[in-house]
């Protein structure tokens, strides 16, 4: 096994900054990362063992304890749950006679949960040894269970299990514009580097990842920053629950993504681009690698692109390993450098001190698509659509209680109601715009518009009709944030767990008015003191829920206006100390 | 971003002018000027870390960690307001909630930064439902005990061991609420690392995780650093001496 | 020697009377009495209903934390736990002989504790019964009532306690839960100024203590029939005695006598305590029932505490207290006094004795020394036994090579007296309750008997093993809303 490790590390040039990629391969081969493996990797990579253990322990897809030979992870996004994932999961657990998170006694299989896999338009979904399977039904669960029981390697499972459908429901400026390969590159090189930056600035393009920073300003700052090397990073770590538009962009529109990166590389003077592809999208990797190879052959990547001297640019793909926080650009850079995905302190910003402390542009997939088209069609073409502060269009990932889930491209400024109508939503109670970190919109607000001026969105659009329990939805989000907090800063590490606990108490009907006040306090703390966007926004949904759906909370509170208390749980230490856990040592809800 | 601060540049901290040197953060400048801002993960010998967030202040109306926020001329910084003190109080309560902090029998009581900052902020209860994590001790090392119950994940030992001792005895693993300290050994035992008792990493823990063995309570409670003087005086004086 | 009233032959149809909480004692306990229609008593039990499980907290901790941690068992006699643990761990650090300074400082701390605890118990907790009457008006039957009726006496009680706490503060660092004693010695000596301060107060302290002894002597003499008979049950007795046979509350060897005063064993090294004493568990109480192994659970139970101690030793070794002791022994010449109410008398004699010992210690220059800690070859286990205010206190630890405690066993004073207290209240029930409608005043007789033992119920409930669980939900006024019992045999 160590012999294999030597070869594996050799393939990565013995480069410790490729640790995350190396650990992914170890997982794929060995199923887990054992203590001796960690020791050996540290030796081969000249890293401290503790560092390697720290990285291995950070990412959800890495296992430092043995898992089943088949590791099944059910997507736990609220849309998966609404589509019945918990029932299907239970079916599988019962079939293998194991509990959630448990390994079967023969070591064959373990079944767990994972955050949103980006298949909300075709959920419920799961990952088996990292491979995504969508549109789960009892029949498909039966088939998967049989294949696992037969010990059949995942690579040999029938292809039809792994097909991912396309649901492109509405095209506009970006999705509806054809572009010949290289057209954006040619236009950009024609304008010169500064001219390209100026064109992007003039387009008023703002980042599509959520924060909405001016793309032109970012490129300009990166181009101006002193450095030995510059980098363009495509943030394809689409982790926000309810978002899957990048998944589609990285399929049919992948040439535009790479074209956008190449344009950016030209504009800022970078020779290297990196795509940070979320691990859940492993199924996109072969086609993307093939695309890069094709573009190299076509002279669209490599040295002297399109015969322009000094226009050298190539792209490499890194895979993530299950960490939502890596969608934050500086955490993503840490991960690219093979470390724990912890957001950095800012300043300095990535444009001056990014990948390997060099000037780096980090752009969202959708931003790069827009950049490629702007390069080819010009700033005016782009700016003509949208609102004054939100030029262009937004691609929405619509899921939940709608007739036609999928991706919808609409100009900025489109009302929520318009999106709902287009997707065939009825009896809508609420929409989570932008995902759990976004804005929870109630029916009275459906005429609000999606734009940076009104309701900003990173692309998720999860719809809940009046049959849904808003508190359960919020509970799901609270679990998500507690699970995905990187743990770096106190407010987010503890606050997301405290929020989950208190909300859990309310959802269970054991909350009091004091718990509601506590939730307000915790969300205030998260927003004011967290280190990064994950923590800043982790209380948003609960806060919106308390403001806009207060009756749903009040109905669930116990009648007592005092803090409530789980008597049976409080007896746990006594049970432990008295060596009892029989039925008689537990209290019934109703008492004797 | 372009203006280089003059040598006599100042910002305002709770209405007082505080001078700073180029490159200083708000916390560094404040301490140098004899003004205390509570903190846990900051240590003057190391690059600011910014994880505990107890040094949060309001700069021109926006909250941020003062240890990592660069001082800029003319900034208006609020620190000792009830609003900011309340945020800090809750952060400290989060830390008490997260770990197992039994001050009465803790050898570090009276020398503990977490406890002293708690007193400074008027923390009287943990406020939140304690998580009571199960964190077994590592007593494998002949001279050193690790009591993870008290760890606040400030990474000072990680930084000291890596940057000063060049040993990387400590690191963090796990994430979120499961984040925890690990040691540099396949066995997971401190005894199998090359930690030495005179390492820098031995002296930087602000709480009671890293302890010399068999030396408990040699100094009576009541005679310890923060028993005699509050941390806001001790911290500022320490800065003067340095 | 156990009595029939421990278990009713057939509990069906019997009326259950509950005294809860037992007031003016430390910790939380209750008494249940089963009566038939004619108020005939069928069963009486003192239950300890709180559960501490302290031994479990200690296991896995580093040994040097133990003296500081374990004293949190109790807010009344923390010093006794602090010192018993230190004594046990002295053996682990190889300090078989302490430095003279450490020995004197610890002794001073301990006698300060005895003095303050005895003062608290008599003046604050028990004197209301004795001075105002067992059946006096319940609203007045408390320390405030004593303060109104006997202001000077009550003041002396307060001042005595304050002096004891001052001794503790000076030696332990704090009035409650100090850190002065550590395995192998102490972390501070006494300064000259501190010593002088204590010495200045001593004449008053001794005078007040003598007044207290005189008061109890007089109470006993005035109603001798009641005092001798009330709840009296014969039993064995156990305590430490000094190696010279004199009373030594800090250190010594184990001695036991039977109910007639005949020596059962003597001079036993405390390290071997576990061969002499075994403990039983009963389903209805969290407090264990210890007994002398040689005599078995039926006949082997015993009393500890002041009354046992002053009769078990050969003499007290301080003149004023010895004179007072002679008066007590004269009650039943040549026989042991077993009357629970005589505990109060013995307690006040010990209070006076403690003041005399403190006087002697303050005159010893070793108290001011600088050599505080001793050490020697490392051991793996230690037993520390001390005579706490309420009786013999045993701490037993095993420590592994990594310095962590792997085993902890605590037998606290109150636990030793468990059977004796139960038997005493059964006797009181026979004497006073049988056939009478139980009134508050009559029920207080039960409590008076319990109080005589000065039980510390908090300390006594650290037992491990399979125990019953009982939960009571009280409203804001403390009224019982619901009682949930998860153990079918709680009446069995």
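Here the chain labels run A, B and C in written order, and each chain numbers its own residues starting at 1.
The definition used in the following text is that a residue touches a chain if its C-beta (ideal position, glycine included) is under 8 Å from a C-beta of that chain, and two chains touch if they have at least 3 such contacts.
Predicted model, so just to flag it, every value in this text is computed and none were measured.
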Can you name the chain whose C-alpha mean lies closest to the mean of all the C-alpha atoms? B
Relative to subunit B, largest Cα-centroid distance belongs to chain C
In terms of C-beta pairs in contact, which two chains are most connected? A-B
Inter-centroid spacing, subunit C versus subunit B (mean Cα positions, whole Å): 44
Rounded to the nearest whole Å, what is the centre-to-centre distance of subunit A and subunit B, using the mean of the C-alpha atoms as each centre? 32
Using mean CA coordinates as chain centres, what's the subunit A-subunit C distance in Å? 64
Touching residues on subunit C, where the partner in the complex is subunit B: 60-62, 64-65, 67-69, 72, 93, 173-174, 177-180, 182-183, 187-188, 373, 402-404
Note which residues of subunit B are touching subunit A in the complex, please. 48-54, 56, 63, 65, 68, 70, 87, 90-91, 94-95, 97-98, 128-129, 131, 152-153, 162, 168-179, 182-186, 188
Quick check: in the complex, which residue numbers of subunit B touch subunit C? 102, 104-107, 136-137, 139-140, 145, 147, 211, 213-223
The residues of subunit A that touch subunit B in their complex are 35-36, 38-39, 48-51, 53-54, 56-58, 64, 323, 340, 345, 347, 482-491, 493-498, 501, 518, 521, 525, 528-531
